[in-house]
Amino acid sequence: MQLRKVTAASAAVLALALTATACGSEDKDDAAGSDGGGKITIGIKIDQPGLGLKTPDGKFAGFDVDIATYVAKELGYDAKNIEFVETKSADRETAIERGDVKFIAATYSINDERLQKVDFAGPYLLAHQDVLVRADDNSIKSPEDLNSKNLCSVTGSTSAKNVKDKLAPKAQLQNYGGYSECLTGLENKAVDALTTDDSILAGYAAQDAHKGKFKLAGFKMTNENYGIGLKKGDADLKKKIDAALTKMVSDGSWDKAVEANFGPANYKNEPAPKIGNVVK
Amino acid sequence: MTTSVLFDAQGPRAKQRNILYTVVFVAVLVAAAWWVFSSLAEKQQLDWVKWEPFFTSPQPWETYIWPGLQNTLKAAFFALLIALPLGALFGIGRLSDHRWMRMPSGVVVEFFRAIPVLILMITANAAYAEFTTLATEDRLLYAVVTGLVLYNASVLAEIVRAGILSLPRGQTDAAKAIGMRKGQTMRYVLLPQSVTAMLPAIVSQIVVIVKDTALGGAVLTFPELLASVRPMSANYGANTIACFTIIALIYMALNFALTSFASWLEGRLRRGKKSTGAVVGAAPAGGLEITDAPPVKTGGTDKI
Amino acid sequence: MEAREIVFDFLEGYDLLGAFWVTVKLTVYSALGSLIWGTLLAGMRVGPVPLMRGFGTAYVNVIRNIPLTVIIVFASLGLFQTLQVQLGGGGDFEVINFRLAVLGLSLYTAAFVCEALRSGINTVPAGQAEAARALGLSFTQVLRLIILPQAFRAVVNPLANVLIALTKNTTVAAAIGVVEAAYLMKDMIEAEAQLILISAVFAFGFICLTLPTGLLLGWVSKKVAVKR
């Protein structure tokens, strides 16, 4: 009797848990049927305002997303047939190699190490490592000034290592899991600068909540050539994407996308890069 | 007034002193709370814009929190589903009469209890990436579940072992006397009885599993509840303090429901106890009778 | 000789011992912190002041239902980045983060120490407290001189479990950038190819830390157990 009651209670809990997970797997089913039926899966970031961000209505917005949407359209996919999935920095090569995604537009800088595993179309944007500082802070005029400052970046990022190893070895460096945490510290004056690509920083600075609070220092500390990552050896796809990017620049859509996503940040972007022209 | 054997019934002076303590304690708590709130307000962390998204629109809940919570529950559920039978197997294995079964079971259990879940998860993730063809989004779930299973199965094994050991020897003897084989004794006599004793400890272990899914979010960026803070705070102007607070409250509510269920279960099982077996780690009789004090645990039922 | 060099050359350039030393330091400081705070909490929970009892209960129930990761992130993001608590770190991020991690781990672990102690208090026969009160000892005296010394001896084993869990939990400090074992491991896995070897090395490191602790304290627990 006792045992039966307990069993019933456990069964109820189990059923609840099952219902919850069942809801989850329903969403999954849509994602799984991505390759067939004229659908395309594209890898983006979902936590970087201005580049790739999951907005509260569940859609995606940003420069990378605009680029991806345009390219997909040129490849013959309607906007409604595009499936965006999150590809984290560490997972990008594996996602391409396994064919989880057709291509990736996710602040993906072209470099030799990555070229051994994947191919790149583009580049479609030339970004530089920069620092974001508070709007009223005029004490950081050159990268050397960072030596006496408190910096913040994201765990495992090359930007953080770059500053620590080369540009300002004496700076204090705080590492977090995401840029938002750094911004909280920057806002509260616990850190003085947040460092990563200027495009990402511009995206944050352009947000309504941050207008007038932060500014880009304008140091061009590195060259980051954002390319579209795709499966190694898929020359046909690379050619098509390159053509799409060329067309995007020539018909003015590229400028429009830059303006829409980075405009409010007063971000002085580099002109549209020539296809295949990787700036070292 | 509550009575306790630890202190005398309170006379007028003791009551006065207690009031003084209470006042001082309240003052300290209020001062600390005031300092936190005023500092937060000064840093504009309590501004309505930072909190408003959670209260004025269902969107942050639908887009970020609910999918994250689903992943948390999914990972915890699968981890429990796999860890439970595995734990039972190893727990019974450790009680076996055969050395060749006892030894490896013991080694496996002790090994995985000694290694941090975080390290198990990182290893599993890297191993799946290198040796399998799992899709990226599935891989993270698999890695988190694998880490949780390896650790929790070994803890559950200890719970099962303690549960079976809590039964009086007479049960085994009686089973032998009517001619049951070892497997039958376990299946028909020992396990059914010890299940009641183990249930509260098992439910408590679910809390541990739920909490540990957060490790997957923090280190592997598995999109569970805690990781949902990243896209959410990126979207609402880096309101990280507000986001983390809301998420912490959700964990608290979820786990509080589970712990309450565990203590309700424990109370029921203790009260309704007519025959054999104690609740795992039940308090020895004749102690100080602290209200609802947890029993001393000597086995692997560490709920951290 | 040569084979050994080839097999273990992935360790070169990484301060493995340094990282494990940080793990050990995190464990020791947090263990002390949580022991003190946990004992105070247990005292509050069994004491005569209702408000303190309520506080102790609420504290334990809140803290043990929140993931440690959230608590550690709060310590860094809330206390340090927002409330500007530096814990005497003098602007040195490495020192501050280490101390914040110790604080977070102590606050979290104290809830479990408190529960273990309370169960220990329960094993002390009621006659002990009654006799102490008959002698005219006050509540704090009863607790300090009679109950706690016996309670501690009864819960060496559960406390050892808490300590082992704490040792493993220090890995969470990686979330706020404390360079301890798990942080280094993630770094190494991303940069080096020998996945299995790296994992084995770190697993071995933790077994070296936790297994002797368990064995030693298990022996101590038998030694000091109150015979009843």
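Letters are used for the chains, namely A, B and C, taken in the order the chains are written, and counting of residues starts over at 1 for each.
Please note the rule applied: a contact is a pair of C-beta atoms (placed from the backbone, for glycine too) under 8 Å apart; a residue touches a chain by one contact, two chains touch by 3 or more.
By chain, UniProt protein names: A = Extracellular solute-binding protein family 3; B, C = Polar amino acid ABC transporter, inner membrane subunit.
These figures come from a predicted structure and were not determined experimentally.
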Any chain in contact with chain A as well as chain B: C
Pair joined by more contacting C-beta pairs (A-C or B-C): B-C
Chain of greatest Cα-centre distance to chain B: A
Cα-centroid distance, chain A relative to chain C, in whole angstrom: 37
Separation of mean Cα positions, chain C and chain B [Å, integer]: 17
Junction residues of chain A, two or more chains touched: 177, 181, 184, 188
Touching two or more other chains - residues of chain B: 43, 45, 218, 240-241
In chain C, residues with contacts to at least two other chains: 73, 77, 82, 84, 174-175, 186
Chain C-touching residues of chain A, taken from the complex the two chains share: 90, 150, 155-156, 172-177, 181, 184-185, 188, 190-191
Residue numbers on chain C that touch chain A, as the complex places them: 73, 76-77, 80-82, 84, 91-93, 97, 174-177, 186-187, 190
Touching residues (chain side chain B, partner chain A) in the complex: 43-45, 49, 53, 57, 59-60, 62-64, 67, 70-71, 73-74, 76-78, 129, 133, 135-137, 192, 195-196, 199, 218, 221, 223, 229-231, 233-241, 243, 261, 265, 268-269, 272
Complex interface listing, chain C residues touching chain B: 46-52, 55, 61-62, 64-70, 73-74, 77-78, 82-84, 109, 112, 115-116, 118-126, 129-130, 133, 138-139, 142-143, 147, 154-155, 157-158, 161-162, 164-166, 168-169, 171-172, 174-175, 181-182, 185-186, 189, 195-196, 199, 202-203, 206-207, 210-211, 214
Interface residues, chain B side, partner chain C - complex: 2, 4-8, 10, 14, 18, 21-22, 25-26, 29, 36, 39-40, 43, 45, 110-111, 113-119, 122-123, 126-127, 130, 207, 211-212, 214-215, 217-219, 226, 240-241, 244, 247-248, 251-252, 254-256, 259, 283-284, 286-290, 293-298, 300, 302-304
